[in-house]
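In this document, chain identifiers A, B, C and D correspond to the written order of the chains, with residue numbering beginning at 1 in each.
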Amino acid sequence: MSTSRFDSPEAAIAYMKRVAVGRSGFATWLDVEPITVWEGQSELLLQLRPEMTQHHGFAHGAIVGLMADNACAWAGASVAGDVVTGGYTIDFLRPAKGERLRAKGSVIKAGKRQVVVRADVWAESDGAAPVHVAAAQATIVPTGIVP
Amino acid sequence: MSTSRFDSPEAAIAYMKRVAVGRSGFATWLDVEPITVWEGQSELLLQLRPEMTQHHGFAHGAIVGLMADNACAWAGASVAGDVVTGGYTIDFLRPAKGERLRAKGSVIKAGKRQVVVRADVWAESDGAAPVHVAAAQATIVPTGIVP
Amino acid sequence: MSTSRFDSPEAAIAYMKRVAVGRSGFATWLDVEPITVWEGQSELLLQLRPEMTQHHGFAHGAIVGLMADNACAWAGASVAGDVVTGGYTIDFLRPAKGERLRAKGSVIKAGKRQVVVRADVWAESDGAAPVHVAAAQATIVPTGIVP
Amino acid sequence: MSTSRFDSPEAAIAYMKRVAVGRSGFATWLDVEPITVWEGQSELLLQLRPEMTQHHGFAHGAIVGLMADNACAWAGASVAGDVVTGGYTIDFLRPAKGERLRAKGSVIKAGKRQVVVRADVWAESDGAAPVHVAAAQATIVPTGIVP
């Protein structure tokens, strides 16, 4: 996806940390680390903590889901400024067992009223191949607030 | 939906609290209160705390999403025993502004391999009408572990 | 959902037949019969023909899907005028075996930029109970063209 | 996705034409041409005819939807034998204006009980760049009937 709403990859991540994470109680609790947020692509990393698991000991589906949702929202924000999630679909592929979750989002259509994004989530552990745990597709709605 | 996996509504909620909440770090952090889990229907309540908000001050989409997902999973569990979420679709209808979230799930097809459930989430505040904030549809997969 | 874009239920159905069906090659081929299109609710009926089946002899999933999509679009159109489908999710519940398909749509949020609708499809045969074959949720986008 | 259910790409397409198309009234009416059905990938082509349009003159959403659904089902069948569609989500990206539709499906998880597939649909016309008109994600269920 062509143009960006930000001057540089560093500016995009700085905005993300300041506004979406810094002003969000939940994002602060989560402590998601933005790796890339640029030109329709996003990559986010989350260190899993015991308070993020479900009753089988894996990452809770809601944690996997929010990584997918966040990756979509941030890929969308990179081309559209401030956004909210309109809706999304997620399929869980495998148990999210690992030390951290990595999510990547990719814009497939950047419209004025709606941005469509796909995202994938992987569970990772040191010394093991990443495991693809979820696939999502979201519609992201620009709020019109441009950073 | 006809038969239940549990002997009584009280037994269903006791199982939920003991297994899915008691053994889940994330559920303990959330502290969702089960109101009803019986014969394909579920109702859950969550008191919103500052660490559950996004950057506009509303309940974070991931919190709304997990209430929908949980309501689907628990409606499914009431007819199928232990379950995992296969996937779900959620549409966010309005900002989730309020003191608490209430979610209701309703089984629409209880198959052996898959249970299809719809859920809705409302934001509530004392002295105000509930606001319908999200609508979801999920496929819930029985694990075969029967309580 | 409150107000309608049409003066009467009869006017809504007349518009549907004239514009959406009369000018659509596919809708003419299908010959879907509108039963109700009014105040956020729709009900449509389709007589199944041999050219609408898949290889197991049931109604083809695409035919079931379009009944769900059409029911959502028409429920949306009843409150928003001319619309297009933004996207939808459908879960197939049972084989669509029968003489005809009936679909009902119900608006759950009528926004200016987006209308969210749920729909269900049943397969029917004379002398038998209707079988619930699909559940869907759609986002319908008003085009701004008002009849 | 690793192994295939068929001995060769030609055998996969021959099976598709004989069973799924040859025994399906709707597929015969549509006349979808399979280009590739092999090792988790599918590519299908459909010549658009006047009876496939909606009231704005574009390919009807149901026709776009079935191309996405078919591409998912055939990508799934290439690794799992006979299948049915469990459900799918589709987002419509642009009006499907053109002489033909091309759909490509790609398996992202081939499980025993469920195959998750993504698909995209393009509208094409001679002398013009293909237009990406829809993005979908589906769950495909193996029936256990192996060709």
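Please note the rule applied: a residue touches a chain if its C-beta (ideal position, glycine included) is under 8 Å from a C-beta of that chain, and two chains touch if they have at least 3 such contacts.
Here the structure is a predicted model, which is why all the values come from computation and not from measurement.
Visitor: Any chance you could name the chains that touch chain A and chain B both?
Guide: Under the touch definition, chain A and chain B have C, D as mutual neighbours.
Visitor: Name whichever of A-D and C-D has more C-beta pairs touching across its two chains.
Guide: Per the contact counts, C-D leads.
Visitor: What whole-Å value do you get for the distance between chain A and chain D if each is reduced to the mean of its CA atoms?
Guide: 29
Visitor: Please work out the Cα centroid separation of chain B and chain D, and write it as a whole number of Å.
Guide: The separation of the two C-alpha centroids amounts to 34 Å.
Visitor: Measuring centre to centre with CA averages, how many angstrom lie between chain C and chain D?
Guide: For chain C versus chain D, the centre distance works out to 23 Å.
Visitor: Which parts of chain A, given as residue numbers and ranges, touch two or more other chains?
Guide: Expected reply: 86-87, 89, 91, 139.
Visitor: Can you list the chain D residues touching chain A in their complex?
Guide: Touching chain A: residues 89, 91, 93-94, 108-109, 111, 116, 118, 132, 135-137, 139 of chain D.
Visitor: Under the definition above, what is the set of chain B residues touching chain A in their complex?
Guide: 19-29, 49-56, 60-63, 65-66, 69-70, 84-92
Visitor: Using the touch definition from the top, list the residues of chain D that touch chain B in their complex.
Guide: 86-87, 89, 113-114, 139, 141
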